[in-house]
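These are the structures in question, set out in turn.
There are two complexes below, and they share chain A, which is joined by chain B in the first and by chain C in the second.
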Partner chain A sequence: MSLQISSLSPETLIHTGDVQITVTGETGRISLRARGKLAPLDKALGVKLPTKIGTRANKGDVEALCLGPDEWLILCPNDDVSALKAACDAIYEKLPHSFTDISAREITLSITGPQAAELLTIGCPRDIASIGVGEARRTVFDNASVVLWCDGPDQFRLDLWNSFAPYSAELLITGAKEFSAETALT
Partner chain B sequence: MLMIHCPYCDELLPEAEFAYAGEAHIIRPEDPSAVSDEEWEKFLFIRTNVKGLHFERWRHVHGCGRFFNAVRDTVSDRILITYKAGEPKPELDKLLAEVGQ
Partner chain C sequence: MSNYRVKGLGRVDTGKPVTFTFDGKSYSGFKGDTVASALLANGVHLMGRSFKSHRPRGAVTAGSEEPNALIGTRRGPGRFEPNTRATVQEIYGGLETNSQNKYPSLKFDVGAVNDAAYMLFSAGFYYKTFMWPKSFWDKVYEPFIRAAAGLGVSPSEEDPDTYASRYLHCDLLIVGAGPTGIAAAKAAIGKGLKVVLVDENAEVGGTLLSEPQSKIDGTAAWEWLETEIAALKDAGVKVMTRTTAIGYYHQNMIGMVEKLTDHLPELPTDMPRERMWRVRAKQVVLAQGALEKPLVFHGNDRPGIMLAGSAQTFLNRYGVKVGNAPVVITSHDSAWYAAFDLHDAGAKVRAIVDTREDVPDDLTKAARERGIDVKVSHTATATSGRLRVSGIRVNAMKGGAVEQGTWISCDCVLMSGGWTPSLHLFSHTKGKLTWDEDQTTFLPEHTPEDCVVAGAGRGLWGVKAALDDGVAQAAKALTALDQKPDTAAYDVTDDRTGTGVTYRELPTDKNTSKAKAFVDFQNDVTAKDLRLAVREGMRSIEHVKRYTTNGMATDQGKMSNINGLNIAADALGKEQPKVGLTTFRPPYTPTTFGAFAGYHRGDHFEITRKTQIDSWAEDQGVAFEPVGQWRRAWYFPKPGEDMHAAVKRECKAVRDSVGMFDASTLGKIEIVGPDAVEFMNRMYTNPWTKLGVGKCRYGILLGDDGFIRDDGVIGRLSDDRFHVTTTTGGAPRVLNMFEDYLQTEWPDLNCWLTSTTEQWSAIAVQGPNAAKLLAPLVEGVELTDAAFPHMSCAECTVAGIPARLFRISFTGELGFEINVPAPYGRQLWEKIWEAGQAYNVTAYGTETMHVLRAEKGYIIVGQDTDGTVTPHDAGVAWAIGKKKPDFVGKRGLERPDLKAPNRKHLVGLLTEDKSCLEEGAQIVFDPNQQIPMKMVGHVTSSYDEGTTDQPIAMALVEGGFDRMGETVYIPMPDRTIAAKITSPIFVDPDNTRLKIGA
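On to the complex of A and B.
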């Protein structure tokens, strides 16, 4: 299990009337790469890996997101990573794969509120509305690769690499402040 | 900004998610030590540099991570088609007829 050293600690970074940005708590993150028939991995993880890019599947606390044709991001409680690793190791002979614990690599910002989607457009060139509720995509936020999860029309999660996190978070805070200043003027 | 269709994600996405990766359909000789210096130079450095339709590779680096190919008009920057890596070159005449040129 890699040690989680985060550049930001779990707390609310800003809360204006229209948007709230919070650093969420630690969670287990796994990068999974595999090709071919995925049934053994589905069984080991206890969740059927989605195959359409951007779609998610979950069973209990384990959530799988399809990032690419042969790549998945798995979220699970911190303590479950080693158990999942053991389960996947056991089927390695049947389906060779790459299982990497990336829990310490990223932090997650929860961005919620009526202006959440608009706030994301300050750094994300993609049409935010093209990400359906219950889906997620890897995309770019002001030059940094991020995973953007859409949990509701005004509920998003943004997975940031630790080294970019202070910068990206600062940008979002500045954006949120500008939005609230604009609202105050009108 | 260019909008590029990723054949793996099947979505039209902004160029900022992609990285350009040079000319497409350049095949590395299977046995490099068997080819002449001229042929090796051709493989490494010599590119078509067309004015017009260009077969090129792109990578959806901030997305699915896949390499794929595109046919782009180097004059207008219009991308006529994108297709998965490993698929054969599309026929240009047919392609041009489809887009009405």
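On to the complex of A and C.
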């Protein structure tokens, strides 16, 4: 029986003394693309879009992550997606953009604990320490494209496309067990 | 059994005895011993047989460069490893080890007849012997070579161990934790840098472990070591042991393999056996030290003959005397100290034989004080003893002549031909070497990587020199890291510095053509073989290497390269740099496949993408097939059904009533923006401007060359928003191609692409009852031909879930595809399944989908096309917008070849004998022509599970459109099948079945 991962059933996949991996619940996710003067979108979203790749900005429940020169990932409560879409649609003529709902495209694993950062090194070629607290990166984990959020020195979130989730989570669970076996040894 | 353990020496834990077996016999050693040190402590030198001649061999080194003492290790089922170096493998309770390459036993081996026949097994033996007759190659020679190849036996059971990997980023990586590496690490602490110090041994210290007599800054070496390592760890340096830097790759990526459990008596659950570290270091200090060179003389390979430095290591690090009556033969000062240490440990050193005339006075004095016989200007010309050396013949040299020899009896011979800097990793960087005539060796000169070499690795000798150079080279790395380096000089007393000279073969009074003076021990390459290779025309060292196999053993020339080069250069009459050094390639030491595979084995071998409905299919006992990275439901067999029966049933059910299919894997791209429609016009062959909102169109995507790359149905959701579908395997490729054009060709277009493949779970409901089944579940759209005709799309809710509904068909039946937010896929599937029971709804897989679409003549890109098929060839030229000014591939289609009349066209085939054709089978017009026949096409798709009365096939046939009704032939191994060319549409050519009807 293979591992089932769904944002409809948030659950803790593994909890060792050093690391905890949890599937988080549904949330609103928007892929926003635009270029030029972004002020109308800032206003529509209620948050000023950050322009340095990897940085984040938030206001209330809305959080924006800059993923590329013309690309943002917006997180918001699931129920707010349509309201945000309506607000952005209203300024479409002024500032044409692409607002695409990707809420259902991916799941998020919360990875926390003293060994969280080290655990990520089993699949992520990027220097985890180079991702500042409060930042995020689009990168790869075990050959799958992911967005990795750093919320604290031992608090991370990993966004994965649904179909990759069982495969990637499997590795994280293997890794978490390996880490506790190694801790027990030393 | 004699005990060669010396009380008070060594670092093994004598409080912790360990028992293991070698060739079935039980031996004891201590925690900290290697198999080699424990066997030597028991007086056992014979540990293996050489590869070609099966000569008895013992450990010649104490480290990872060991060419001789290779053993098989086992701990329970599957945990067997051949060719493990006894000098590296630590012992633990229960370890089983075995010698290799022997039959029936290590002490009596019939394969040793090869040794007597040594004149036959000369250099180039394989090339000379296995040449003719040609017919012997397959049946005789190759099986023989394969059977004889390699030491040890490949494991035959599956490896139950797991392997791991990690990435590591650091500012400074130091390879080698001897005095140089430790001093370099010490110089780098306290600066906020991330420093990693790595060593292949079980404990750090390098040469200090073998030279406890030295005092560093007034502190005894081992105490200094303990203090400094503790201080480094406190300062945050990551100190890694049992970890070998195996390769130096581009841009300062270093591969390192850490052995985690091979030394543990109990295997902890969930603990991997090895871990591959992929390290990105901003700067690297290579402090790998130097490897001792053997001397080349007749009989230099008997068990009991080993490197002097290694004997010193066995004594000082493991507390083991390698013999009670050693003779030292050397051309370097360092071996004298091995003699002194062994003497001081109670051995009776029979003689120190030095090839040099001038030896430092303090050495000869120290020898005399110990009463050791000293013979300078002497050479060694022979040894005696069958399974263990028992004597050595030494001769005085005078004025270049070798005098009469005398035999000295002994139980071991310690040799030293000087030291070779270990430049393997440096060479991996494409680093340039420079020849040092004084030391007769290559030294590092320049590398394109951010890396420095320090210590003995660049020819420096002695503990002080090593420590000071560690600081000096670290300073270079630190400067490059924008740090201000500190200066420090170490004060070392009782240091053992020294020099030596280099020989090729040692001078002898014997017939050199009969000498067995080994250069490569494992592969039995002698000095005579190398000279023969040169005489037979080998000029480059690379050719000499391959002709003789010198340096091709598991130690990869660590023992033999420089001696081999010196001899080859002499035979060629050229200087060594003109002959060159063979290339070092990763890995530095033998590495397991497991370490390279890491986590990627078994279920985790490669990415397996699963849909949200995958689990439902799995519960039903579906058969899966891999499609790209996805695993897809292939067919749903009922008890007792084979694939054929299941697919036939599924096909019939769809045509008779209704079937449902998981289409979630289809690629989906959302194109949004004011210029979305213009982008579509330019990318696809079809015109899009006039496609109404809420309508769909089948689109064809070409490459620049005019050949079909992908296809799919595209829905227009609003003026500025398209929902594009692609083939399952093509999704990433199509998105990349779109992005490429958008970013590089048309950056002016105001539209954006978002991959939405995974946003949606897609369920196809197909069959005459599809609308009846769905209508009660759909809100917001009336499922009638008038309100929602074929090729419509709408946003609505299905079973209460917000959905994008498409009325499309890939089966030829009335059909819908319902897209809902991905996580709700299984929920929707179950609802439809439940509601569908009234219509006997049938779940079908990809195989049925393939059959049904083939019956309608719908192509599958990649199956019916192969990158050389145009829309016209495929019979879909109607999808080309003739009036469009341009689209990708338009100009490609104008090429004369692509407009030629006799291209291969996609047609249908019906066999005369109602047999099912083989996909890929070649087609000819005239079956009676001479072989080789002219092939005019091939079968692309063929099925006999369909709903027509006979098997159907699609094929690309030369000029096929103009040959309707003609017969073609498909020659098979057992018969030739005749088939009639038809239209590829076998079912419902008028599309009446797509209608909802009354």
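Note that in this section the second predicted complex is superposed on the first by the 179 of 186 C-alpha atoms of A that agree within 3 Å, B and C clash if a C-alpha of one lies under 4 Å from a C-alpha of the other, contacts with A are read in each partner's own complex, and residues count from 1 in each chain.
Everything below uses one rule, namely that contacts are C-beta pairs under 8 Å (C-beta built on N, C-alpha and C of every residue); 3 or more make two chains touch, one makes a residue touch a chain.
Everything quoted here is computed from the prediction, not taken from an experiment.
Colleague: Of the partners chain B and chain C, which touch A:I53 in the superposed model: first, second, both, neither?
Modeller: First partner only.
Colleague: Is A:F99 in contact with chain B, with chain C, with both, or with neither (first, second, both, neither)?
Modeller: A:F99 sits against chain C, while chain B stays out of touch.
Colleague: Give one of first, second, both or neither to describe whether A:I122 is in contact with chain B, with chain C, with both, or with none.
Modeller: second
Colleague: Given the touch rule stated above, what does A:V140 touch, chain B (first), chain C (second), both, or neither?
Modeller: first
Colleague: Contact-wise, after the overlay, does A:G68 reach chain B, chain C, both or neither (first, second, both, neither)?
Modeller: A:G68 contacts chain B only, not chain C.
Colleague: Which partner reaches more residues of chain A, chain B or chain C?
Modeller: Touching more residues of chain A than the other partner does is C.
Colleague: In the overlaid three-chain picture, which partner chain does A:T183 touch, first (chain B) or second (chain C), both, or neither?
Modeller: After superposition on chain A, A:T183 lies in contact with neither partner.
Colleague: Just chain B (first), just chain C (second), both, or neither: which does A:T12 touch?
Modeller: neither
Colleague: Touching chain B in one complex and chain C in the other: list those residues of chain A.
Modeller: Shared contact residues on chain A (touching chain B in one complex, chain C in the other): 125-126, 130.
Colleague: Quick one: which bits of chain A touch chain B in the complex? Just the residue numbers, please.
Modeller: 53-54, 67-69, 71, 125-126, 130, 137-140, 145
Colleague: Considering the complex alone, what residue numbers of chain B touch chain A?
Modeller: 1, 8-11, 13-14, 16-17, 61-66
Colleague: Can you check the complex and tell me which residues of chain A touch chain C?
Modeller: Residue positions touching the partner: 1-2, 4, 6-8, 26, 31, 33, 70, 92, 96-106, 118, 121-122, 124-127, 129-130, 142-144, 161-164, 166-167, 170-171, 174-175, 177-178, 180-182, 184-185.
Colleague: Across the complex, what residues on chain C touch chain A?
Modeller: 162, 164-169, 194, 260, 268-272, 278, 280, 599, 603-604, 607-612, 614-615, 618, 630, 670, 672-674, 720, 750-752, 754-760, 821-824
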